[in-house]
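In the two complexes below, chain A is the common chain; its partner is chain B in one and chain C in the other.
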Partner chain A sequence: MQTRSVSPRPGVPKPGLGARLHALRMRWIDNSPHFPAMLLVPVLLFFLIWNIVPLLWMVGMSFYNYSLVTGDPPRFIGLANFADLYNNLAVWQALSTTFIFVFFSVGVETLLGLLLGFLFWGSTELPGRRLALTLLFAPMILTPAATGTFFRLIYDPTFGVANYLTSQLFGTKIDFLGDKAWAMASVLLVDIWMWTPFMILITLAALGSVPKAELEAAEVDRLPWIKRIRYVILPHAKFILMLGILLRTIDSFKVMDLIYQLTRGGPGNTTEVIGITLFRKAFEGFTMGWSSSLAVVTLLIAIAFTSIYLYILNLRMEGGER
Partner chain B sequence: MAAQSVSVTSESRGQARKAAPSRQARARIRGLWLRTLLTVFLVGLFVFPIFWWFLASFKPFGDIFALPPVFIFKPTFKWYSVVLGGVSYNQIMLELTGALTSTGGGLYYSVPYIIDSIIIASVSTLLVVLIATPAAYALSRFAIRRRHDLVFWILSTRMMPPIVAAMPFFLMYRRLNLIDTYLGVILVHTVVNLPLAILLLKSFFDDVPYDLDEAAMVDGATRFQAFSRVIVHYILPGLAATAILSFIFSWNEFLLTLTLTRTAVRTMPVAASTFDTSTGGTEWGFLAALGTSAMVPVFIFVLFVQKHLVRGLTMGAVKG
Partner chain C sequence: MQRNWRQTLYHLLLWAVSLTFFAPVIWIILAAFKTRDDLLAIPPKWIFTPTLENFIDLAGRYDFASSLRSSFLISLSAVLIAIVVAFLAAYSFSRFQPKGTNFLMFILLSIRMVPAAAVVVPVFLMYTAFGWKDTFWGMTLFYAMFSIPFSVWILKGFIDGVSPRFDETGLVNGGSRLHVLFNVVLPQVRPGLIAAFIFNLIFVWNEFLFNFIIGGRRTTMVPVSLVTGSISQGGVDWTFVASLATVYLIPPVLAIYFFQKYLLVGMTFGTVRGEV
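Now for the complex of A and B:
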């Protein structure tokens, strides 16, 4: 660390009215019991206007019948929107599609991530390890909207490379995104491609949090691998792993742009996750009241996931940060 | 490291008669090679699609769809000349296919989209850093009442699905006449990136010992100066990483921009999504060039922040 910046008496004002006023103001800020609050005010204001207000607006709107198409003013209808949601099969369908998507994407990404993470972990002496890790960042950070477009090129039924491979290997062509039986799997594959590296990095971070001394002790004791994982690695690594998995769950639940790019929810409604339904109803059908009620439900589910995440984060903070 | 292990192998072969290397050492070296191969294969698997698009953007018309895929071809800049150079779409299509296709020209010219993206991402990043830094400092240093709840609230705003946020924003923006304006998109991107920036910066501030604040104040700095002139210097690398990540996320943001803009403001991701590819394969060269142009800046930025990326993607919770 540089010590240059801790210069003696930095910024001591020179005498003069302006400077004296400045000093006075500084002292006032300093002595003010509200100094920390002052630093927080801009953020709080911003969040109030751009977070709390829209949320309340949405919750309020969910009790109204309001369509931008008809141009009628919003009409209060109580819980009718929510009752309609409950009876709407398409909503349940979208919810179950979403959960299937979340379950498989997070599950496969976690498994693969753990596996590959262990592979990279034992390879600190591997040549070009750093380069390899940098390249692994690419899929998750590159513009998802463009990623979706590109995978349409790869999946293209007539020109795509994926079909070339299947026709060479199995002798058949598959319309990956257009076939009801394959669309979900194809979309999942792209998501897995994008986010497995994230789980690899989380695994590496988690393994990195295991104290070296304990690992060496286990090595000396010739502890079998299963026990090593169970008693040495997991107690230290589990927090980071759980945080990673939960974060992935929350983000996977939010998925929208990738699927929108790949299939727009089709064919039929096979890949229509709740995000797509919301988009369709709100920005293609402009039924704002009904969509708001669905958004409230979606938000409640997201809040449930988030609470679990916060609970574990809290545990970790209490257990002392590593 | 690689050279070392190679030299160990050759050395051990040379000395094989005198003193054969222990069986264990040999097994380790073999394991290392196996691992290297496996790693190269796996990284290749993840990188290949990106490499493929990159190639496609330079491929001449016929080669993009050639099956089996071609890897050796004469690179062409025709696609980029339309996407970045403003050459007319019809002219290129006439050259390539000898016929005029029905799609209108000029759509693929994406320099205006890139400029929009840059304006929105840089201004919102600037706002994010300006607002988040003092707040992160306060959250890191002071025993504020209900600090815990505040941190959690900030964190939970990040977990909200963007489509859920899009709807009330849309209604609000209609009232405020902010639809399809730079200001509107910038403010939304700011609010989306704020939680990340605050938590990330807080984790960087937490890494700087409080003793340094005290030392600065002993030396005569006021509380605010200790923050603005001393401590901020220590987290400059973290600040840069936060700014770059915020820029990337703003650059990549799709849904909110799509719903809150029409034609006056158009960012790269939104532009990339508007092209219809169902008409056939003729457009892929343009799309590959457009997508690659959207991704290259991100990739360059990632190289700068890769050290902090895990921390960034987990909002400071995991220090990779």
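Now for the complex of A and C:
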């Protein structure tokens, strides 16, 4: 037969060089006392190249005056960038805008999320539940780059559907993203639309972590709802709720692409959060040294939030609840 | 009978809430099927003759095909690399608990919590200096790093749930360590692998800022196309943006329909487990 002469019979191992090398490698791996460390090498390499190097770069650059516009080599100026940050009114303004944004977005999302989470608690028999939940949770898995676009179409002052509604209801048109009085609220509304589903999800998970037996006992005892929440639900649900709120706070502090796509920080600087300031100074003003110093400060604030999250997560894991 | 009626009302309410949240998305999908005149009509049109013209126009555009291809290739390769790397690390963390395991796990998680706008500056400087800007591997490996923390967290949780007795049995019966790793443990953490795969895919598919800054013409992905498409000179090309957005949102929406039970673990970076 033709085929048999072309390829050797299958199933008969003939140890070639590759196979012998393979066996050698296997033995080396099996006998090495450093096996646990070997498994970590790839992660540590990634960590070194994509985290430690940029981090050091950023910290180093923050002590220099370096602009990509002039083309001059970086000049060491010590802490001058940080001193300038401290005296820069625009930075303080951006920080306060950021905190206002975080406060209102997380606040409203948490309240609405809790409310709707409780509403969806008994939804197990909802016909088409999977589809309904997909539609409900869709906003949070879409990129802000896209959702920002949707809302620019909806908010458009001439042909947007939001303006059509306001002119029908109140007889006036509002330039939602262009009017200083409305821009922040309009941006907040988009963020709330995107992230309330996340708080609903968290609330559902938190409610799901309450043991059924305890709920039934409360039902049998006819415990009033306030007490049921206080003594039965909260003790179990609080960890997940806290983690959710903190995660949302961290994310909300990071907001950048949504606002960039909606208003670019305008009009004026009404929606300019710290992420936008950073982006514009770095990639529109090309002041790399100054931006690095602002990045360092932003990073420190983010680390503060993150450590609270990790602290609570750690508490929960030590408590044995996973 | 009365109870039945109340339940129907309750279910209608739930559906109404869900549809309200989805309404802006529906509006953009409708816009994608409108002609330019219908889209810009005042008052907005709810009823119109749908047209496929926008999609035909979209398919003919060079930047559409290339950004879709980049999106698929980069996100798939980045996530696959990340999962292999993360699986090895998660196994080591779970089974051997080397010194500093907790510290490393937390450092990894905090990477994902850092504001992108702060990190993009040094990454940009580094990529410019090394000449990695607008390269396939520069983009892919960055996104792999971006996907690792969450994958490690989620996989460690799942590997913790596999009894070490399986490993011991495998080793005693003459299996090599790698055999145990890939043929004994790996198949048992399949749900974790799926969750890590799907959600990292969504995150990379969605990422905008880094692709905008350290990508370029050759590595532009869909979100960047959306943003640059919507700031084009002389007014926004709305039919292009709407139809591109519609194509863009199909994979994520399908993903959360089919993998809904992993949504919670996915959205909390593997730190909270449970089902909705």
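One rule holds for everything that comes next: the second predicted complex is superposed on the first by the 293 of 322 C-alpha atoms of A that agree within 3 Å, B and C clash if a C-alpha of one lies under 4 Å from a C-alpha of the other, contacts with A are read in each partner's own complex, and residues count from 1 in each chain.
The working rule: contacts are C-beta pairs under 8 Å (C-beta built on N, C-alpha and C of every residue); 3 or more make two chains touch, one makes a residue touch a chain.
Note that the structure is predicted; figures quoted are calculated from it, not measured.
Peer 1: With the two complexes overlaid on their shared chain, look at chain A and say whether chain B and chain C clash or fit.
Peer 2: These partners clash in the superposed model.
Peer 1: Who does A:K238 touch here: chain B (first), chain C (second), both, or neither?
Peer 2: Once the two structures are laid over each other on A, A:K238 reaches no partner at all.
Peer 1: Thinking of the overlay built on chain A, is A:K173 touched by chain B (first), by chain C (second), by both, or by neither?
Peer 2: It touches nothing on chain B or chain C.
Peer 1: Looking at the overlay, does A:A282 come into contact with chain B only (first), chain C only (second), both, or neither?
Peer 2: A:A282: touches chain B and chain C.
Peer 1: Using the superposition on chain A as set up above, list the residues of chain A that contact both chain B and chain C.
Peer 2: Shared contact residues on chain A (touching chain B in one complex, chain C in the other): 26, 29-30, 35-37, 39-40, 42-43, 46-47, 50-51, 53-55, 57-58, 61, 116, 119-120, 122-123, 125-128, 132-146, 148-154, 158-159, 161, 164, 193, 196-198, 201-202, 204-205, 208, 240, 243-244, 247, 250, 253-254, 256-257, 260-261, 275, 278-279, 282-283, 288, 291-292, 295, 298-299, 302-303, 305-306, 309-310, 313-314.
Peer 1: For chain A, which residues are in contact with chain C within the complex?
Peer 2: Residues in contact with chain C: 26, 29-30, 35-37, 39-40, 42-43, 46-47, 49-51, 53-55, 57-58, 61, 116, 119-120, 122-123, 125-128, 130-154, 158-161, 164, 193, 196-198, 201-202, 204-205, 208-209, 240, 243-244, 247, 250, 253-254, 256-257, 260-261, 274-276, 278-279, 282-283, 288, 291-292, 294-296, 298-299, 302-303, 305-307, 309-310, 313-314, 322.
Peer 1: Flag every residue of chain B that touches chain A in the complex, lowest number first.
Peer 2: That would be residues 1-2, 5, 32, 35-36, 38-40, 42-43, 46-47, 49-50, 52-53, 56, 64-65, 67-69, 130-132, 134-135, 137-139, 141-142, 144, 148, 150, 152, 154-157, 159-172, 187-188, 190-191, 194, 198, 212, 215-216, 219-225, 227, 229-230, 233-234, 248, 251-252, 254-255, 259, 268-270, 272-273, 275, 277, 281, 284, 287-288, 290-291, 294-295, 298-299, 302-303, 306, 309-310, 313-314, 317-320 of chain B.
Peer 1: So in the complex, which bits of chain C are touching chain A?
Peer 2: Spelled out, the residues of chain C in touch with chain A are 7, 10-11, 13-15, 17-19, 21-22, 24-25, 27-28, 31, 39-44, 84-86, 88-89, 91-92, 95-96, 98, 102, 104, 106-111, 113-126, 141-142, 144-145, 148, 152, 157, 176-178, 202, 205-209, 213, 223-224, 226-227, 230, 236, 238, 241-242, 245, 248-249, 252-253, 255-257, 260, 263-264, 267-269, 271-276.
Peer 1: Please name which positions on chain A make contact with chain B in the complex.
Peer 2: Those in contact with chain B are residues 1-2, 5-12, 26-27, 29-30, 35-37, 39-40, 42-43, 46-47, 50-51, 53-55, 57-58, 61, 116, 119-120, 122-123, 125-129, 132-146, 148-154, 156, 158-159, 161, 164, 168, 193, 196-198, 201-202, 204-206, 208, 240, 243-244, 247, 250, 253-254, 256-257, 260-261, 275, 278-279, 282-283, 288, 291-292, 295, 298-299, 302-303, 305-306, 309-310, 313-314, 316.
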